[in-house]
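By written order: A, B and C. Residues from 1 in each chain.
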Amino acid sequence: MKLYEYLENVKSKNPLVQNITNYVSSNDCANILLACGASPVMTNEIDDSIDIASISDGLVLNIGTLNKLIIKSMIYTGKTANKLNHPIVLDPVGVGISKLRTDSVKFLINNLKISVIRGNISEIKFLENKSEHPKGVDSNNLENLYDISESFKKLSKKLNSIIVATGEIDIITDGNKTCFCKNGNTYMKKVSGTGCQLSSVISAFVSSNSDIFFATISAVCSYGICGEIAFSRMNVLDGNSSYRNYIIDAMCNLNSEIFEKKVNYEIR
Amino acid sequence: MKLYEYLENVKSKNPLVQNITNYVSSNDCANILLACGASPVMTNEIDDSIDIASISDGLVLNIGTLNKLIIKSMIYTGKTANKLNHPIVLDPVGVGISKLRTDSVKFLINNLKISVIRGNISEIKFLENKSEHPKGVDSNNLENLYDISESFKKLSKKLNSIIVATGEIDIITDGNKTCFCKNGNTYMKKVSGTGCQLSSVISAFVSSNSDIFFATISAVCSYGICGEIAFSRMNVLDGNSSYRNYIIDAMCNLNSEIFEKKVNYEIR
Amino acid sequence: MKLYEYLENVKSKNPLVQNITNYVSSNDCANILLACGASPVMTNEIDDSIDIASISDGLVLNIGTLNKLIIKSMIYTGKTANKLNHPIVLDPVGVGISKLRTDSVKFLINNLKISVIRGNISEIKFLENKSEHPKGVDSNNLENLYDISESFKKLSKKLNSIIVATGEIDIITDGNKTCFCKNGNTYMKKVSGTGCQLSSVISAFVSSNSDIFFATISAVCSYGICGEIAFSRMNVLDGNSSYRNYIIDAMCNLNSEIFEKKVNYEIR
């Protein structure tokens, strides 16, 4: 199966992706989901969330503006999703910058079967207990990628989740194989919520395909390609706000031909 | 009174429109309200909401990301609005996809005088108890419109509210007459929150005019015209995110001349 | 020190700005912070907020969609920021339009050391008990500026906070000197959340500079310049939504050269 076929499956299946997420990037997450061919629904309240989990195809848990009721809602909704074998994507936004975030992420990981965990490199390192204190929610460094990826492989095995660590080069591992995705543009860091958007996009892809490792790779490459196309549209007066629009626009127009021409990854 | 005059009244009256709404589309709702000549205020907390209801001209109740406290706030704020004869617009986002949404909508309808209920066709059908399960919050089908509209007419009479059911052709009925609005573009479904935006726009129009049936028709046509103008601006790289901006931009620039040229509706 | 150097310090220091804010403009606040060189983090829940205050460089308290838990979180987080001498910027959105808003603002002012209070002219007047009832959250009038500024000077002394009152001409006073900033464009009033954005930008500037009065002036001029640059980009089909993007874009591209050419203020 070609990598672009995972994208085509999103468009043909039109999965309903439920997001228990933050209020900062929720509009962008909704629009990028529509752009890639999915239908979004955002919920918070526990009763509402549990009911909707049963008609959704996938669930995103994003702790960007968490509170205690939301975490409770995540657990109960997640258990419903688990029962129905709907994949869960966890975005541990800012794990390590507060005790509540760290405890909540541990609680979610220990009590739910999570299909994919997506964070930036410092967030994923924190999950390994290799914590330099991450700065805010957008820190990142280029480092010795192969070393890092070996330890992420172990983390993936331990947690039984696909790990996605985004940075200049994105690392995706299922504990056996590791994919390095070179698509994307560093300017994406200037846009709030690109990580959140990617987590929602991954959910759309893993909800529409049975091979969730390759679906995740396809999602990460797709979003990276959008970042490249968006950057090539920038004129001299454009900044991060126009860029934000262009990324979502690019997802709207992404097709197999563009994907094949631009995709840039390596699997080890 | 010409249909475009309802729009002119919004611009001259500059109504203060209070929204108890979801966090996904709230920014777009605020900007479309400013675009059409109204002033927006968003509130949640019950004490805050009740006080502000007394200085507002209209109230929008949108259950997109409802919780129990918000529903309580909607009831008490709605009662204040009712006492002051300020029109209420209800947007029953996703009614039928969870018990909480269904119960909340029934509770609001049974306890408040609602001037206008706006949903997509499957949401309005659910209110009639003709529920196919609506998929998420953006489902829609073209069907036998005249048949549907006859049953919506009955629903309107029963609930004593104007009913707006949006789809490829929008149906607006006050229980006696029915308007079919043909303005709009199917691409609007690719943008998150266009329904929410329309509900806020309707509130601006019914808050600024005494004939609320024709004010609602004018609002629906205005927003549809914006969808058309926005679509005509799209270039080959644009997608749903630029389209979102263009819709709001178009409302900013909408005037009587453009309205008259583009408006396309039929009343039976 | 030149006024543009305060901007350069934001870019070189890259402060982490914590926002306890509303859900309507939070995405725009995050993106304008990234645009000017800061890193944003948005928090609500009290435990989360207190922890993050200790690693942040500045704190914004914005009551746009306040509730009682958020106010509690603001107090405790603010006390942490005060202990660490991190500057606090307060945006009293809509103070005077509800008892809860008025009481909350008084409570915050009485219990915290606030470095900067930014509101529109009617909001600041309300803090002086010279309340005409402000209409919604975006009212404003041009009036006798020097008279107004004298009374704001007294307010600044009384509250021991820098006061920023935005309008056609912005007034910034530390109780001794007053700056009148003439940058900006009246079209900014058509965009929801420009006041909120400015409050976040001020936080980035006062978190990165020791002279917080001139840092505030530099922030206000910077944002006003962005409003001018954005307006000059508008084409005939653009409206408030494209303008919103252009303002943030302009901040992304703002540098010392542009700043020096455009800045327009007077200190008395």
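In the analysis below, a contact is a pair of C-beta atoms (placed from the backbone, for glycine too) under 8 Å apart; a residue touches a chain by one contact, two chains touch by 3 or more.
If you're wondering where the values come from, they're calculated on a predicted model, not measured in any experiment.
Enquirer: Rotating subunit A so that its CA atoms sit on those of subunit C: what angle is that, to a multiple of 5 degrees?
Expert: C-alpha superposition angle, subunit A on subunit C: 120 degrees.
Enquirer: Since subunit A and subunit B are copies that touch, just let me know if over half of their interface numbering is common to both, same, or not, different.
Expert: Copies use mostly different positions to touch.
Enquirer: Can you compute the centre-to-centre distance for subunit A and subunit B, using the mean CA position of each chain? Integer Å is fine.
Expert: 32
Enquirer: Name the residues of subunit A that each touch 2 or more other chains.
Expert: 23, 27, 244-245
Enquirer: So in the complex, the part of subunit A that touches subunit B is made up of which residues?
Expert: Those in contact with subunit B are residues 16, 23, 26-27, 30-31, 34-35, 39-45, 47-48, 51-52, 55, 69, 229, 233, 244-253.
Enquirer: How about subunit C: which of its residues touch subunit B in the complex?
Expert: Counting only subunit C, the residues touching subunit B are 22-25, 27-28, 64-68, 94, 97-101, 133, 135-138, 190-193, 236-242, 244-245.
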